[in-house]
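Below are two complexes that have chain A in common, paired first with chain B and then with chain C.
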Partner chain A sequence: MRWYERLQRIDNRVLYVILAVAVAVPVFARLRLPIPPTTETLGAYDAVEAVPPGRLVMVQSTWDAGTIGECEGQCRAVVEHLMRRGQPFVIWTSNPASPPFYNRIIEETARRHGRIYGRDWVDFGYKVPGGAMAFGVQAMARDFPGYMKSDVRGTPVSRLPALARVRNANDFDLIITIGYNPIGEFIQFVQAVYGTKVVFGIAAINSTTTYSYIDSKQIVGMLVGARGGAEYEVLVDRAGRGVQIIMAQSFGHLLIVALVVMANIAALAQRRAERRRSG
Partner chain B sequence: MTGWLPHPVSPFGWQGITIWLGALATLAIFSFLFRENRVYRFAEHTLLGLGIGFGIATTITDIIIPKWWTPLTEGWSGRHWGVVTLCLVELVLGLMWYGLYHRKTVWLSRIVMGLAIGAGAGVAFKAEINDKLPQIIASFKSPYVPAREVTMFNNTTSNIVFVVVMLCVLSYFFFSVEQKHAALRASSRVGRIFLMLTFGVFFSNAIMTRMSVFIERVWFLLTEWLRIGPGG
Partner chain C sequence: MKRRAIIVVTFLAGLYYLLEFVLPPRIGGAPDADGAAAATSAQIGATRFIAYTGLRNDGRPVIMRVRGDGAGPRQVLIAPGFSRRDDYRGARAPQFVAPDRLYYIGLGWDDRTPRVCLARHAAGRWRTLSRAVLGNGLPGEPDSSGIAWASISRETTGGYRMLYLGLQGERATLCMALSPDGLQWTKRGPVAAEDINGLRPLSVTQTGADARSPVLLLLRDAAGRRILREVVLVDGVRRLRKLADVGLPQGLTLQDIRHSSPMSFLATTEEANGVTRVAALTWSTRMNALALEVTNPTLIAPGKKPTSTYLSDARGTVDDLLVVVGAFAVGLGLIGLAQLHGRRLLALQKGWPESTAFFLAAGAMASFTVYARLHPDAGTWGTRGYDLLFYGLLQPLGSSMFSLLAAYLVSAAYRAFRVRTFEGGLLAASATLIMLGQVPVGNWLTQHLPPYLQIPKVMAWVLFVNNTAVVRAVNFGIFVGALATAMRVWLSMDRASMRSVE
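Take a look at the complex of A and B:
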């Protein structure tokens, strides 16, 4: 077998092992590459900075074990930013598997900044099934206390200091959704109707079609996958999961680019050899 | 030096058990990369079972009980007959879905199906207008932007590129007449190239997401389970 044939028939399992080794390099070598923030990440950061002190932010989280790699960095950086500023926020989910993941981050960050549950943040847990988002988001936007009723600890909304004056979506200055998919219902039924600003934190795979929302000013910022999380972590000066993953990802991308180039060289060499043989 | 050698976390204690279970489940799922095997299938079925079971349990505890059972019982004890009636109507409508499982009662499910489709279509209509209309309006871009109004997304170069790409791609999907005219054929061909570029971006973003998920698991195995690295 010639070299170009051998190169095109490398066993997939060998490639998987090489990829695993490549992404593990940053574990052993503490490398730091520059991570300049993109416009969409800056938009998200500036939107949080623009919220007046004491005004409420809504965080909607749908990420879970399957999307830790993409969304944990985003969630950690956003919660860090909100708690550092002392910006009260409510958090809820449409994915029952999400609360243990975001709560771990919130509790750790709250301990560090001395934030208190009920005053600085409120968790409503699993409130709207994914299939009923359109109806749930509309009802919530119209009458927040009436729809939510009580938090995960069973405390009625009226007894939560952070939500003392909350009636509807007008009482939220910003909505941040973090999860694999963009939650379009916040644009369709909240931003369009109440004018509340929206920021998306999504997996990179879903970002291609979401950029148009920035152009049309339907969202003010977007965190794109682990990269968005890493950029936000740099902005809040607290490097974490996002930065770690983006370092490893750089090595993985370099390997993929090298493999694509090698495979193309091999394919061209094979084509040239076949042409030479045939005449 | 021990930080650079594998010294797995102790499997005793809650945290240790959690990490060991996570590591074994990850390895079981990754074993599919070698070949289809029983360990992988066991892990896959366990994950599915856990997911469905957890979903059903949380739907009962977090949705059905607070949104239906509690209002019903509180309405009954407080003699709020309006609330009780509403809850009972919800129950009847919900049970009508199960008519689907017998040919004599299938007509019951069609009633609620019709209601659901009607409500869904109404909401979708409103959603599409609120979602797409601002984007259509935003697509009317001026090919010239004065220097004082220039932003990242609104500048002369970007707007010209945007308009050209949009017209070319639209012409590719223009099927009302046969694409015989040279200008239409050319713009349609350029539109196809732009579409290919977009699919390339889609694909590279898909790789990026899959890679993040893979990296997170590799790092979990190395740093949390085997405790390799400077912090290990």
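Take a look at the complex of A and C:
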């Protein structure tokens, strides 16, 4: 077997071992590269900074174990930013598997900043099923207390200090939706109707279809995959899981590019050799 | 029969959600159902009336009019206009300036940024100007977030003077603007005021046309107490000097106050439940000090409340019913699984170890979860077991499933990605660019190159320009196609789809 044939037939098991080493080494060696924030991440950060003190932010989180690599860093950085500023927020989900994940982050961060449930944040848990998102988001935007009724602990909205006087989407200054595929209904039924700003936290693979919303100013910022989480962590000066993952991802991407280039060089050499033999 | 029942239930549920979606939660009711606020007294010819802000649940305030004594029918004077960008999301806080002007705060299409708009009375009706007369300032200026409140007075010399509260985020600063005609305004910047550090201005009102006439500033301190301060413009109207604090009526929380006539004021009072009313006040003296006393605490009360359609009120119950139906489906699924695996386990058929694992996993997860829900703060073996199962087992397994993608991706890219054509080369180049641009290593590799060659910059150009154009084109094509298909079906032109039904 010639060299170009050998380079195109590397066993899958070898590739998997190289991949495992490539993503594990940066994590254990704690490698660090500069992470300059991109326009879309800066937009998200600035949107949180622009919320006046005391005004409410809505966080909608649908990520779970499957998307933890991309979305955990985003959620952690956003919650850190909100709690550091003392910005009250409500959080809810349309994925029943999500609450344990975001609750762990919120409780850790709240302990560090001395934030109190009910005053600084409110959890509504699993509220709108994914299939009924258009109806749910519209009803919630129109009459928030009427739709939500009570939080996960059973406390009526009217008795939660953070939600005193909340009536509809006008009372929220910013909506941040974090998940594999963020909720586009916030653009249709909230941003367009009430003017509330929207930020997306999204898996990188889905982000290409949502860049047009930034261009049209329908969303003010976007956290793209692990990169978005890492950049936001750098902006709030608390490097954590997002930075760790993006370093591992860096070497994973480099490996893929290197393998594709190598295989293409080998294929080119093979084509030339075959042409020479036949001609 | 069973099928028919399912169809009927599905249809009724769908009908309910459709009606709940289409119909408003409440119908009828006045445009000022949730409160009346920020009023001004006005006179056109011999007709005296009060223009005030009507508040309602939809968050789009309107300007309304009512007879001078607050009685009689109420009419909408200025409503948000879809064709006007500067009061697209609402109009509030009017101020009448004789003989025919009504200045007001318009909430613009751009995130409700407030700005000063103008309506003029001509030929028996009010006509709004298409654009605001005074908008928000540039970033960094004290009115960069808009203008919350304005008090305009027509000077004896013929010009116009405006004192306004500029917003920069939540911070409000008293500023001034001058105009020769009330249309073209020149901002003169902040007006320095004594002794208002730490106090937030809520409203300002000039009590006369003369620049030396007293100005009343309503302030709020950190504890939420209201302070009404009488001040006067000095130093060529660049500074405010305190004259005195004016006593406020006991038991009323003022939101704003506006001078109405030489002796009277119109103020917005707020109740504990947040409902606002317009009250009439007049000058008086209390303990030999200047004070205001209430002549009518409810000059304008909130209007008629809307009636509920009950559709939104029932939403929670209907949702719960559907959740119960969903829970039954889950329960039926579980019973089915238990029957299947139970039979296999009892007969020790092939795969019985997996069936055992199913019973163990389902039983352990269900019991630990129920225990953890019932004793959330117990910190016992039960909650520790839940943590172990959820965070120690379920989460890593879920992540592992998704992570397998990485392995398949490496293998697939390595084996299948061969550049054989020009288009293939373009695809490979853009994919490489995006892959390296999405991670810090792309920036690190090209950080010393000129900016237009750095990978993150090129990636941003590809994503924001090329990608956006393509996504829009594709979406546009999809929706035009969907529209055409919908029209064909609707107009019964699509015979193929009808044939299957026939």
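Criterion: the second predicted complex is superposed on the first by the 279 of 279 C-alpha atoms of A that agree within 3 Å, B and C clash if a C-alpha of one lies under 4 Å from a C-alpha of the other, contacts with A are read in each partner's own complex, and residues count from 1 in each chain.
In the analysis below, a contact is a pair of C-beta atoms (placed from the backbone, for glycine too) under 8 Å apart; a residue touches a chain by one contact, two chains touch by 3 or more.
Keep in mind that what you see is a predicted model, and the values were worked out from it rather than measured.
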Clash or fit, chain B versus chain C on superposed chain A: clash
First, second, both or neither for A:R165, with chain B first and chain C second: second
Partner chain in contact with A:A267 - chain B first, chain C second, else both or neither: second
Which superposed partner A:E5 touches (first chain B, second chain C, both, neither): neither
Contacts of A:E108 with chain B and chain C, given as first, second, both or neither: neither
Partner chain in contact with A:D46 - chain B first, chain C second, else both or neither: neither
Which superposed partner A:I256 touches (first chain B, second chain C, both, neither): both
Which superposed partner A:Q218 touches (first chain B, second chain C, both, neither): first
First, second, both or neither for A:K149, with chain B first and chain C second: both
Partner chain in contact with A:L19 - chain B first, chain C second, else both or neither: both
Clash-bearing segment of chain C, relative to chain B, as chosen among 4-12, 94-102, 130-138 or 436-444: 4-12
Shared chain A surface residues [contacts with chain B and with chain C]: 12, 16, 19, 23, 39, 66-69, 97, 134-135, 138, 149, 204, 207-208, 212, 214-215, 225, 227, 249, 252-253, 256
List of chain B residues in touch with chain A within their complex: 4, 33-34, 51, 54-55, 58-59, 62-63, 66, 119-120, 123-124, 126-127, 130-131, 134-135, 137-138, 152-153, 198, 201-202, 205-219, 222-223, 228-230
Interface residues, chain C side, partner chain A - complex: 17, 20-21, 24-25, 57-59, 89, 109-112, 169-170, 274, 312-313, 315-316, 390-391, 394-399, 401-403, 406-407, 409-411, 413-415, 417-419, 428, 432, 435-436, 438-441, 443-444, 447, 456, 460, 463-464, 467-468, 471-472, 475
For the chain A and chain C complex, residues of the former touching the latter: 8, 10, 12, 15-16, 19, 23, 33-36, 38-39, 50, 52-54, 64-69, 97, 100-101, 104, 132, 134-135, 138-139, 142-143, 146-147, 149, 165, 167-170, 194-195, 197, 204, 207-209, 211-212, 214-215, 224-225, 227, 230, 246-247, 249-257, 259-260, 263-264, 267
Touching residues (chain side chain A, partner chain B) in the complex: 12-13, 16, 19-20, 23-24, 27-28, 30, 39, 66-70, 72, 96-97, 125-127, 129, 134-135, 138, 149-150, 184-185, 187-189, 192-193, 203-208, 212-218, 225-227, 241, 244-245, 248-249, 252-253, 256
